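Pasting a structure here, questions to come.
Chain naming follows the written order as A, B and C, and within any one chain the residues start at number 1.
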């Protein structure tokens, strides 16, 4: 079984994430790590490989240094890493990113494509829905439990209304939530072996995508400006004189919270 | 006077717990050629030099197997646990990259353009001529964390395998010699129970092990104990806390201060000072250092830094700026008198600050780390070339011999009594220090005693009342500072700190104030004059202070701790 | 501006989220229509008229019976063509997010998500979204046609303005791949209350509770509000409450509509885990506790007195 896992490098979660003053986009110049839920997706792929055999390839769209994060996935046990890296892709929004990613995934012809459900940097959310439409494959998201039997998958999908058990034939696209598993630590042997596993870097042209359909040119959205949020207005601070509980109830009622 | 000595409450830890033969089956072990523990300037310089030598001598490289050089780093990546001022003497790094790269091509903040030394009182700053030990012309300003990342790239390029998020937990000793290191487990819960993703540590065996763990190094301490390498005098430490600030106006020279807010009288035992260094046009590095033999229960290096920032001189520098990083580390202070009797043993070498190679009066250690790392590589290489068994007694004596021939030894000899002179207080100490400098260490002729940091008897002076309340703009509390260090240590793991948890109140409070990361809190009173000590290990930034003052720091799960980037 | 608003329905009823966005759209635009997709949903569709829709498009088909996104992309594509809409708005939900993104790829239309507000700037539509853990506000726009937007859940409340809508049936063809995923069964939540990640209301406790037993204040108050209980790292470290309830930098990040903090100082490690909450109410006896810097309602007082009284009053209102 061939599983492709789409992963992303996000800025390290130290205390100083900032927006670039000129572009108002996240400043990605610092250190990067593998997005947290993507690690859950890699883990799920590895579990399926442990059970069914096959190959796990991690795929990413990003700058050259994203290779470091892909190495973590290789250290965990993934077999191959594929990075699509091209300056023209910088500033891609959902449309442009999904175009480039779909083209790369088309080449791989995987039985199952996994995504992590959430991105700590706020981008890439719902990428899987756009990618699966382009690839014309069935898709299940918010999966907290995944099973594959033969050529069919069953996923437990978490929604606001409970759990839906969904079945779909392979090849399919699945986005997993962080509740699905507890990722393994890469073993020391795994970390040492990662270096020698195949790591491919491709340009957009290599995956058959023209520069004009990615990056800002290929995006359907723009970022106009950024600013600090207005200072919290209407903050109230009171000292309890015996009636605090009543005052809290009034406050909540006024805000229609109760 | 409380009459409480921290030395009376040793930590529940014995070096024998962290020593032993390999326990993994032979095919489970990871076998490497030369194993380096610690990704700081010392360990990385060793890896770089080894790479250079092995490239020139493929026949020797062959003997080291598939992984000729491996380096363990307990932080997320090299640099994550590196912190310093720093103004670095460039000679060692120039030597390391001689003929390959000039210092101008390395990540630095340029050469020192000017310097000023001040003696502070609460309201004033008296400029004094820099003492001879503090002339920094020809030295370069660096962030040791950035330097570490750079050196790691060079080490990898030269063929070393760097293993981040990997702690060296146990010294593997077999037949009286060090045969490698066992790495720490990952995925244990608070009570030590294996969690679903438990990953046990592994025996990494090597022909030779270089311990380059830095201050209060875990395996270094174990090795010195187990192989009887204690020096003439006990090791002593200072604690430094620093911040990086983005500033509105560039600082054009490096600044050192002495005096306020430290107290001069000998009974307080407060030796130290501050530094403020420009980092390019937009940032400064500002820190405060205090020796850990102080006597006051309420002395807090972190709060001294906050208090220091309120001085007129410093406000001017930081005005309009913003704090962007914070961190802390201990600095080995004993100098020559406290070095281990030998820096090598059967199968291993000691390098850098972990070995005690720091020049306190000059505030320099990075270039000694790099130089000793380079010499360790050469000595190891020579031994391999001679076809010796690394464990043979004396095989690595060439390292000690080489070190003694270098400026590292000469420098340390010149200032060997300087730090200890300050036990007598600032004024007498200052006079003695001047005498030492002028005579290049020939005076005083005898050795001044080194007193263990844990020997000081604790006193109370109400010091804490004078610390500034954190305002969140200029001054900060410890918790938000721990956040600014990038520390996101997993909470649900066993505590890595060995310390007695039912002790006299004075001792518990001393630990509470000492620790820059608020790891220790005073808990319930025990009714017999003792109190419980509550330990919050996930705050720990692994500075090492507790090891100097009655406890014992061991490495937590690999990847834990601060994530320094520009300290 | 011709706007379509996706009105999600569940068990035959339109959800609040979509109706709230409908009201906002009515205030922004000239031509506002709702879209209801499902099987047996015509009655529900008609109700949308009262909330701001002049027209409601309905695709009623067996293929849309299960709450799955891909057939909805096919159906919405048909409605967009039929209506000529230049803007499609969604209230975020698990389902709506997938539908919006799928539609974006299908129509090659730009999608902005996690919007906390929308406004007109002449002919242009501008979205406002918080970023970097709600510490920055970013203004976003579109360069495509149509424009797609996902509005943060709970941003706009439905406004019942009365009126009725013109219901228009639209038929859609479904792609083969769209109907390959199928619902096998539906399982409802266990009765033990919401998890802290999903809860609309969270009552969190810290050291100020005094002892592990102090968590009973949190539990009773949470029960009265239908919420979940959370804890700070300090008390979890001390063993007062389980790790699964920990909110903060090294615990969970939550953003409920209402966050009540009892005996919590508000250290930054905790703050980053809950600062995105809608309304923050804090009770602490220390007037200088940092939590008062960012609480909407700060109460300096004894939580052991205030919390039980509050619980009692809330129960009485039920």
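In the analysis below, a residue touches a chain if its C-beta (ideal position, glycine included) is under 8 Å from a C-beta of that chain, and two chains touch if they have at least 3 such contacts.
Just so you know, these numbers come straight off a predicted model, no measurement behind them.
Averaging Cα coordinates per chain and for the whole protein, the chain whose average falls nearest the overall one is A. Looking at contact counts per chain pair, the maximum sits at A-C. Centre-to-centre separation of subunit A and subunit B, using mean CA positions: 38 Å. Centre-to-centre separation between subunit A and subunit C, using Cα means, comes to 20 Å. Distance between subunit B and subunit C, defined via averaged C-alpha coordinates, is recorded as 49 Å. Across the assembly, subunit B contributes residues 483, 488 that each touch 2 or more other chains. Every residue of subunit C that touches subunit B in the complex is listed here, in rising order: 233-234, 236-238, 243, 246, 249-251, 267-269, 272.
Against subunit A, in their complex, subunit B makes its touches with residues 30, 67, 70, 77, 161, 163-164, 166, 183, 186-187, 195-197, 199, 202, 204, 324, 483-484, 486, 488, 563, 565. Across the complex, subunit B meets subunit C through its residues 479-480, 482-483, 488-492, 534, 536, 538.
Remark: subunit C residues 10, 66-70, 73, 93-95, 97-102, 104-106, 108-114, 126, 130-144, 147, 150, 157, 175, 177-178, 180-189, 198, 201, 225, 257-258, 279, 281, 283, 287, 292, 294-302, 305-306, 309-310, 312-314, 317 touch subunit A in the complex.
For subunit A in complex with subunit B, the residues that touch the partner chain are 12-16, 30-31, 182-185, 187-189, 191-192, 195.
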